[in-house]
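Chain IDs A, B and C follow the sequence of writing; residue 1 opens each chain.
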Amino acid sequence: MVDRSLALPDSVAKKTTGPFQWLKSMYLRSEPFRGYVMLSPTLLIMIVALGAPVLFLFVVSFWTQHLLDFTPGFVFDNYITFLEKGNYQNLLWRSIKISGFVTILTVLLAYPMAYFIAFRVTKNKLIWIILITVPFWTSYLLRVFAWKIILGYNGVVNSGLAELGWIEAPLEFILYNPFAVVVTLAHAWAAFAILPIYVSLEKIDRSLLEAATDLGDTPRQRFFRITLPLSMAGVVAASLLVFIPTVGDFVTPALVGGPKGLMIGNLIQLQFAKANNWPMGAALSVISLMAITGIVCAFLWFTKRIRTQDL
Amino acid sequence: MQDDSFISIRDVSKHFGDVHAVDQVSIDIAKGEFFSLLGPSGCGKTTLLRMLAGFEFPTFGEIFIDGQPMSSVAANHRPVNMVFQSYAIFPHLSVSQNIGYGLRNDKLSKAEMEFKVDEMLELIKLQGYGDRQSTQLSGGERQRVALARALIKRPKVLLLDEPLGALDKQLREQMQLELRALQRSVGITFVFVTHDQEEALTMSDRIAVMSEGKYLQIDTPNQLYEAPQNRKVADFIGTVNFFNARTESVAGGKVSMDAGPLGKLSAAPGKLEFSEGQNVLIAIRPEKFSISIEKPASGNAIEGTTDAAAYLGDRSHFYVRVNGVDKPVAVSAQNMDRTHDVTQTHQGQVWLSWEDDAMVILHED
Amino acid sequence: MSTKNKFGALGVFAVSYLAFVYIPVLFLPLFSFNDSIYVAFPLKGFTMQWYYEAFQSDGLMSSLKNSFKVGVPVAILSTALGTLAAKAVTRYRMPGKAPVMSFIMTPLVVPGIIVGVALLIIANMIGVTLSLFTIAIAHVPMCAAFSMWIMISRLEGFDKSMEEASFDLGEGAWMTFWRVTFPLILPGIIASLLLTFTISFDEFILASFLGGSEPTLPVYMWSQLRFPNTLPRVLALGAMILVVSFVLVYFAEWFRRRGTQIKTSSGV
């Protein structure tokens, strides 16, 4: 090979200069550049309609309100109020407990269902998948509302049992308590838990299961040594997908919770309606968000540790 | 720039983060040449091809095609077309629509377009397949459609990314010959990427053997096989036996060496330079040995013991253990005599002999 | 796997699970035809009265119109944004891809109430009047995130070299999109339009915070829950929403999964 790296023809030197040519060449050469150009509209709206408002929420949580006027500033009044009011803390704690129960319940119920579709259904799999995904997309409000008419004082259950002659007076304990909230939420979020678990099960290479059997595992051992560890990512995703949004829910407690089943979401909503203390509402939102983030991080750390220990 | 270079790759590097996929490569390819990039996966051959196509751009260096620099020319404005490894046949279009895909910008009449597509269908021997859905094609047919779709653009260069990899052995051998014949008839420069050395040897005018982002040697198939210039190339192309030796004198186009168990040897140095008292490698291909039971009357010969023998139909393979040589020596013998199975008779003590020009002397590294 | 144990305990569980998911919701249509103002057994008889009343109600019809005014533009815009984003992340190597994707996906996990109050505060600060427009702004990030999710699995379902082949044959970015990418992802786009429309149409929390004096259908429904005598009418309305959503979503899912089912069964 002859060395001729130095002598570029004149025409070349001319073509590669000039700002337009440089920009064009830059655009062609840089994949990150092209990628971010293409992402920019979506990112922009995410920042404008989500990122910035949530950041601003954080700022407002340090403001105070007197009658109808906001007082901008950086004071911890709202956070102190939260620490002083035991019932605020109880409400947050209850929300976390309820969401925790709901999460465990939905994941426990969803896993066998996802397992069934992934491994047992061979014919008409598409129909099964669609059947469990449809509720995922349809009205959350209606799914919750259905339980109000089921569990209500004169609802489906009470009137049905009365009609059958099993009860004299309507059962009052079935509605307006944390239990009703848990059942309703577990139903409403069922589809959210199935999908991630199903995806992770479906991804498992079937030859791994055959290999485990071949190496002497019983079906039970195989499940705990291969299937479950390999689908843990789906279980973790499902848990987060159910836990995080349910902590802040206010529709379900408002409809079926009663005073004992109220959650932090109801308190936040109240600050923006009757109580009308927006900075306090902002502070409660921030506190909830922090609590959720803390729990999620702890959960991720914990599951990661378990998983790495097992292997 | 060399006068005959049609594609000129000059000091081209491509970095993906810390990985140097292609590292300061300069290659010139002549017009009408069938040029192959050969190497194991990850050697940078596909990245180099994709830089020619315009799907990747060099981090450093410049590529010229027909004298034009390509650094600010997008893939759709380059005078090159590509046959993809997966063929990338558009599943929503018919065979004709696939082949005619690239003609939209040529502003042809409908009749002209049909004529051109029919011409191509004839070239690839798929007359009458035009209206078929492309999803109904077999592997070999898809490969032909991909070829026709690229050739209809009359590119200056056709790039082929392992186009035969997905075909079974028989079809692959047939397509190798067809591709070679096609290349001769259309006279387009082909740049062909493969990891299959046999395929590269069969089809190419010249081959660049690549490893870890650089090329080790660029040469004709014959020269790569018979006159490799370094250990890696000798090792990668075909089978080879290496023997350690030390040069004693270099003079008059001859290198005399002391090869230990093989005795004193002398051979031509080829293109490489040697000095006296240098440790070198002697490379001898298996078929360059003669195997016999009796000691040959003259020439280079050593005695050994047959370790293993295998009958392969046209030839037989032996592994012969020689005292003082680490690895058994691989020997290949043509089966000339129908009634005589050498794998049965040449057991135990045998003699290996070879000519002086069977040896290639290489630097040790 | 033998067909014998295909439906065993697990099969029974699966069917019960589906019953648990579907039966509670079916009480809405059931009682919407019941000839009584009380939602209670025994059923009193069949009537279409509540549907008739529902359609007579001005509030209902205007909120239905509002839901369309929000849902249609949101579906189109968020599908366009989701498709662009999905194409960027599936086709280009770029640093910071994982955090950017997580950021775009956050609306799927952040509790709706937090997004709702955050937007309410900022709208108030910069003096934007609450309207259908503010609802739409709130719906777009969430719907775009879903759309990106749908479109990623669609785009991963076909070979990237298809698009490269089109470039190679002389087409630019725009024509490559129309001639190759668009036809191949069309089922995904239709699915995304239908699903994002359904999400926006059914969304309650954001709409209730940001709607001002213009309620969408779910918000209107919520406001009617306070009045016992309008309950049957709300049931009729809910039943209709349920049926329409179900049909839309069923078609969307069918469209979306049919094409990719064989190749990538994990494309959920």
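Following the convention adopted for this analysis, a residue touches a chain if its C-beta (ideal position, glycine included) is under 8 Å from a C-beta of that chain, and two chains touch if they have at least 3 such contacts.
All of these numbers come straight from a predicted model, not from anything done at the bench.
Chain contacts here are complete: no pair of chains fails to touch.
Averaging C-alpha coordinates per chain and comparing to subunit C, the farthest chain turns out to be B.
Centroids built from CA atoms put subunit C at 16 Å from subunit A.
For the pair subunit B and subunit C, the distance between C-alpha centroids works out to 55 Å. Residue numbers of subunit B whose C-beta contacts span two or more other chains: 54, 74. In subunit C, the residues that reach two or more other chains under the touch definition are 93. Looking at the complex, you find that subunit C touches subunit B at residues 93, 158-159, 161-162, 164-172, 175-176, 179-180, 183-184. Residues 1-2, 10-11, 26, 28, 54, 57, 62, 67, 69, 71-72, 74 of subunit B are the ones touching subunit A in the complex.
Listing the residues of subunit C that touch subunit A in their complex gives 1, 6-7, 10-11, 13-14, 17-18, 20-22, 24-25, 27-28, 31, 38-42, 81-82, 84-85, 87-89, 91-95, 97, 100, 103-104, 106-115, 117-122, 124-125, 137-138, 140-141, 144, 148, 195, 198-199, 202, 204-205, 209, 218, 221-222, 225, 235, 238, 241-242, 245-246, 249-250, 252-254, 257-258, 261, 265-266, 268.
Note for the complex: subunit B touches subunit C at residues 16, 53-55, 74-77, 80-82, 84-86, 88, 90-92, 101-102, 104-105, 149-150, 153. By the touch criterion given at the top, residues 1-2, 4-5, 8-9, 12, 15-16, 21, 24-25, 28-29 of subunit A touch subunit B in their complex.
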